[in-house]
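Okay, so chain A shows up in both of these, paired with chain B first and chain C after.
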Partner chain A sequence: MEASATHLINAPGPAGGAVKGTRLGALSRLSQYLGFAPAAALYGVFFAAPMVIIVMYSFWTQNGYSIEARWTFENYQSIFSTAVYVDTFLTTLWMTAAATFATLAIAFPFAYWLARYVSRRWQRPLLFLVIVPFWVSYLLRVTSWTIILGNNGGLAHLLGIFGLSTPSWFLYDRPAVIFVLTYLYFPYAALTLFAALERFDWRQLRAARDLGATQTRALRTVMLPQIRPGVTTAVIFVFIPILGEYLTPQLVGGTRGVMIGNLVDNFFEEAQFAQGATVAVLIAAVVVILLVVFRRSLEVGEMYGR
Partner chain B sequence: MDRNMITRRDALRAGAVGVGALAMAGRVGTAAAASMNTPVTINMLTWNDHYDPTKQLPAIAKETGITVHPTLGSDDGTMFIKAKESHQEFAIVSADALWVPYYYEQKLSVPFDIQSFPVSKQLYSASLDVSFWKSSGGYLAYPRAWSALRIYYNPKYVNPAPTSWEVLLDPKYKGKFVRENQPTDIVAEAGLATGAKDPYNMTAQELSKAQQFLQAAKPAFLDLVSQNTGVVTALANETAWFTSENLGTDIRVKKAGGPLIKAAIPKEGVVGWLDAEMKMIGPYEDRFEQFINAWGQANWIPPLFKEFEEAWFNEAAYKLLVNQGMKDLADAVGYNNPEGALSAHLKGPQKNPGAYIDVFNQVFGA
Partner chain C sequence: MAGETDGVEIVARRAKLVRGALTGWGALMYVFLFAPVLLLILLSFNDNRYGSFPITGFTTKWYSSVLQSPDLQTAIKTSLLIAAEVTAISTVVGTAAAFPLVRSRLRFRSALRVAFTVPIMIPGVLIGVSLLSFFSNVLNLQLTTQTAVIGQSIYTTPYVLLIVAARLEGFDRGLERAASDLGANAFQRFRRIVLPLIGPAIFAGSLFAFTMSLDEFVITYFIIGAQITLPIYIYTQIKFGITPAINAVATILIVGSLGIAAVGGGVPRLMRMVSRWVQRLLRARRARLADAGLT
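So, the complex of A and B:
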């Protein structure tokens, strides 16, 4: 690579003199990024610009129903000094963590079994079944759980056969929210984990066992480090969207399963954009922190000794 | 020849001028008629119970040349912002009660002579005499419909009948109250429960009392649903026992196969709404009357009433509803009693909307 770069830099020009290597190198670099230009334009217009606007709104002043371009920290002060917003944020974080843990706890064994024990012939139909729920709208899928989990729902009838009644927290409470979120995000985790496990060389596990490792140790020291990027990706794909959820808590959470997204929704419902933007920025900040923390886990180089 | 005599040339000249004038008048009249039916597309910011997209709007387009593109709004606050920031994009905007004069104060809407609208003859006279919809320039909006909220309750479980908002504090009704998620209205009802004079414009002290009431009442809340259908379902399957909802909820629960539900008016009062269509400042002001005359006809109301069960201000439509066998339902929603529209505390913009949301979030946050 270096040799060819030098060759380029020192290449003779038409009159025999050296070509200006800097311009050639810059042009070459620019042409590499040209293909990225449409994506950059889309990103800039539909993501970066709205994010900038949201951040600006969070530092502007709300006056009744209007927002004024007067810079202030008051919105942040108000949010951090009001206990309910901090409490709801913390509650959202642990509910999200719980839902993410539950999702991975169910998705990992499924993906492991699918990758290791199911023949290729049956893998595709089973994966197809995992994504079939996406054919139904999100709203319908969540609403269906209000029927299943309700007092007169299918679950109540099933428990009734055994003389049991449905606990009050089956619906309109936090466990219901965590349960439904786990159901909704299972496909994301399952597909991501399967993709990671499918590439794993299972013979390494057998080799580890042959060398005296227990099954658990083999999984922990041989397999998990290699699929760590896949697990991290699955965590990101599940944790981040759940953090901003508001529809599922509204439909199945009742008054106890409220998440921070619901409070943002309340702000925007009454055109209180400054405060809503402030909380949205804080949620985005948590996401960025998460991605920075997990960034190292996504690097594959050290796994292969590079 | 005598100078005072009209010559043949004079007569012919006068006749030609006259015919020319008549022809010109006819052409101007035709041009005026043509411009009133010139195809035009206007944007209307409204709610889905204000129009029928399948038959009514196409018929209006055919009759008047006005094609309406409705944009659905959610609540008055965000609709106001949308109307204001869109810079005359919307020719017609729907709004509730005291929001109408607010639009006018903000120089977004235009008053008009409602009595000159032929279709206004079909309205109840009470709807043409709403004091806060009057201005020196005319009426501020064309009245559409109204409702007031009631405490609807299942008498099998809730007895005695509620007479006060304090029923929400009764521990035996824990987790049995369901309501639509309308933060401002819920806080306003809490304000009524604690004696606020103007529940939609409470002072800081009144808001504090309302918050305390709501905090104490929170255990009664089973769920805050996004739509009326959620309330109806909860009452029909008896997951919830009572609610605060629009007139006619008892009929809807019955239609959903639910039990008998009764209505109660708490002694502290209830909130309500009346909505209307406003003529917005913009390039299509001259087509507003034409649209309203077509849109407001009584024959369009029965299908909308059948779907949404709301009391319109159109008296001629009530007669159609009676003829079509919907008298009981119409009476259940108070259709023929438009004066009832003004008996409730009506929705309007708050001076401090952020404070209302803060109160709501502090009670219903995690």
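So, the complex of A and C:
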């Protein structure tokens, strides 16, 4: 009696109570996964299969404007032996790192303020405000910055008051790309960091201070270990999407601000499928490796569950 | 003794300073966030025909030109149609998958959860080019709005899935068991217990999918063929110099989105707050009037 009761409690799925015979049990065990069926179909056919094709393309031979099923490593060799492509890859990595660092550096004090100094009833509306800019088209948010930063823009007027002019090295170059990416990904970082800081018990900081720790030491040894998963999540969830950005570099980066995503786009526009696929596979590899390495410390539910 | 109080005071003063600095930083971040948005709204009323500085005068003609541009209207219509389909697909597929993700006896639950974020995390360019190759080289399909719907669903479904799953996690299964004990069948349990409890999450997820779809450019651009959505229209406008009509569309969109959010429940709370505040003001006023012997 007791055994069957526990069984009932552990029974899976809404129909789990019906576990009696072994055949029915097997059926219900299978039926608990039934919900995955539509997703499996959608992602099997339209995500996994196309990705497999891209991987295959990266090992096939480009022939003029079409691709042939002759297996080769030549695409990878040519990408890795062409200085421009290697440079773009390395530039992309440091630009992504810089943008990620800048995003977290400005989002952390913000999230800290929101979690610690803002009263509960104002936290929700203020968080809501952080998401509002998302409703303005991505493209327009980016071009709006080109108006602000441009020769004729608001910043030029502001600097003009002090007799300065807008630096020519900023817009349509790498700094503008990093700046705009920082702007675009700030909300992601702010929300994730806030979720981590919200759970922190601030009295622990005071306790550490009472026991003689300096402010810095209290922050580092008491707070940081507790919010580390949240910080990791923020870093990964900002770094990875930025790595594959191609629209912002295209709009504000000029010729020097090109990132690796632009290479994929350019190759495919020129019908160079093999090389385009090769670069795509390299990006995907970095993304998947990062996700696998950090899978345990990622707080996916925190990120989207609010 | 006196030195100790001084120390406390110094600490308190420093804490106040830190607090003030951080509050200033918080305010600055909101300026940073909203500067480009407010600029767009400002420029949508600007008489300058290049949609940028300088400010030459106030006009609403860009709003009427939006209503008169057939291209723009077609683009908006296409975008809304695609968004509706994408929302339907990702809501059904995402919600269905959220149940086994949370409730079945999975061994690799957290790994699977991270796997479901891959379509969000992987750059849109990759989804775009891989689907382009798949549709045109393998399936030999004509690229239409329907291929775009599929591509966008790949990207939006995980959001619904993760939002609904997060809600299901905090769900008390005892409620369903109680309903079952009271004789409710599977359908009744779902209809009366599960749906009302996770309904808000499903709604939030589908709203998310809808807005994501409306703004999706990268994937769509590769696989929509000759059709034009709103972001694609904006993109072509940007390429040939921005027209102020686009700023007007952006303004309409953000007001519309805020409207949708109001329906979604963000603003009712704000309204309650405002009404409470007004009531308190009125009460204080009445009290003051009473004090003055006027009532």
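By our rule, the second predicted complex is superposed on the first by the 246 of 306 C-alpha atoms of A that agree within 3 Å, B and C clash if a C-alpha of one lies under 4 Å from a C-alpha of the other, contacts with A are read in each partner's own complex, and residues count from 1 in each chain.
Throughout what follows, contacts are C-beta pairs under 8 Å (C-beta built on N, C-alpha and C of every residue); 3 or more make two chains touch, one makes a residue touch a chain.
Note that this is a predicted model, so its numbers are computed, not measured.
Contact with neither chain B nor chain C is seen for A:Trp60 once the two complexes are overlaid on the shared chain. Within the superposed three-chain model, A:Phe194 lies out of touch with both chain B and chain C [touch as defined at top].
Judged by the touch definition given at the top, the superposed model places A:Thr255 against chain B, while chain C stays out of reach. When both complexes are overlaid on chain A, the residue A:Gly150 reaches chain B and chain C alike.
In the superposed model, A:Pro109 makes contact with chain C only, not with chain B.
Put chain B and chain C next to each other and count what each touches on chain A; the higher total goes to C.
In the overlay built on the shared chain, the residue A:Val287 is in contact with chain C alone; chain B does not reach it.
Residue contacts after overlaying the shared chain place A:Gln272 against chain B, while chain C stays out of touching range. In the overlay built on the shared chain, the residue A:Tyr33 is in contact with chain C alone; chain B does not reach it. Once the two complexes are laid over each other on the shared chain, residue contacts for A:Val84 go to chain B alone; chain C is not touched. Applying the stated touch rule to the two superposed structures, the overlap between the chain B and chain C interfaces on chain A comprises residues 150, 152, 251, 268.
Those residues of chain A lying in contact with chain B across their complex are 62, 64-66, 82, 84-85, 87-88, 91-92, 150-152, 168, 172, 250-251, 254-256, 258-259, 263, 266-272, 275.
Only residues 19, 22-23, 25-26, 29-30, 32-37, 39-40, 43, 52-54, 89, 92-94, 96-101, 103-105, 110-111, 113-114, 116-119, 121-127, 129-134, 137-138, 150-151, 153-154, 157, 159, 161-163, 165-167, 169, 176-177, 180, 186, 189-190, 194, 211, 215, 217-218, 222, 230-231, 234-235, 238, 242, 246-247, 250, 253-254, 257-258, 261, 266, 269-270, 273 of chain C touch chain A when the two sit together in their complex. Against chain C, in their complex, chain A makes its touches with residues 8-9, 12-15, 17, 29, 32-39, 42-43, 46-47, 49-51, 53-54, 57, 67, 106-107, 109-110, 112-114, 116-118, 121, 124-125, 128-130, 132-141, 143-145, 147-148, 150, 152-154, 157, 183, 186-187, 190, 237, 240-241, 243-247, 251, 261, 264-265, 268, 273, 276-277, 280, 283-284, 287-288, 291, 295-296, 298, 300-301, 303-306. Contacts from chain B toward chain A in the complex involve residues 74-75, 77-78, 80-81, 84, 175, 181, 183-184, 218, 221-224, 226, 237-239, 349-354, 356-358, 360-362, 364-366.
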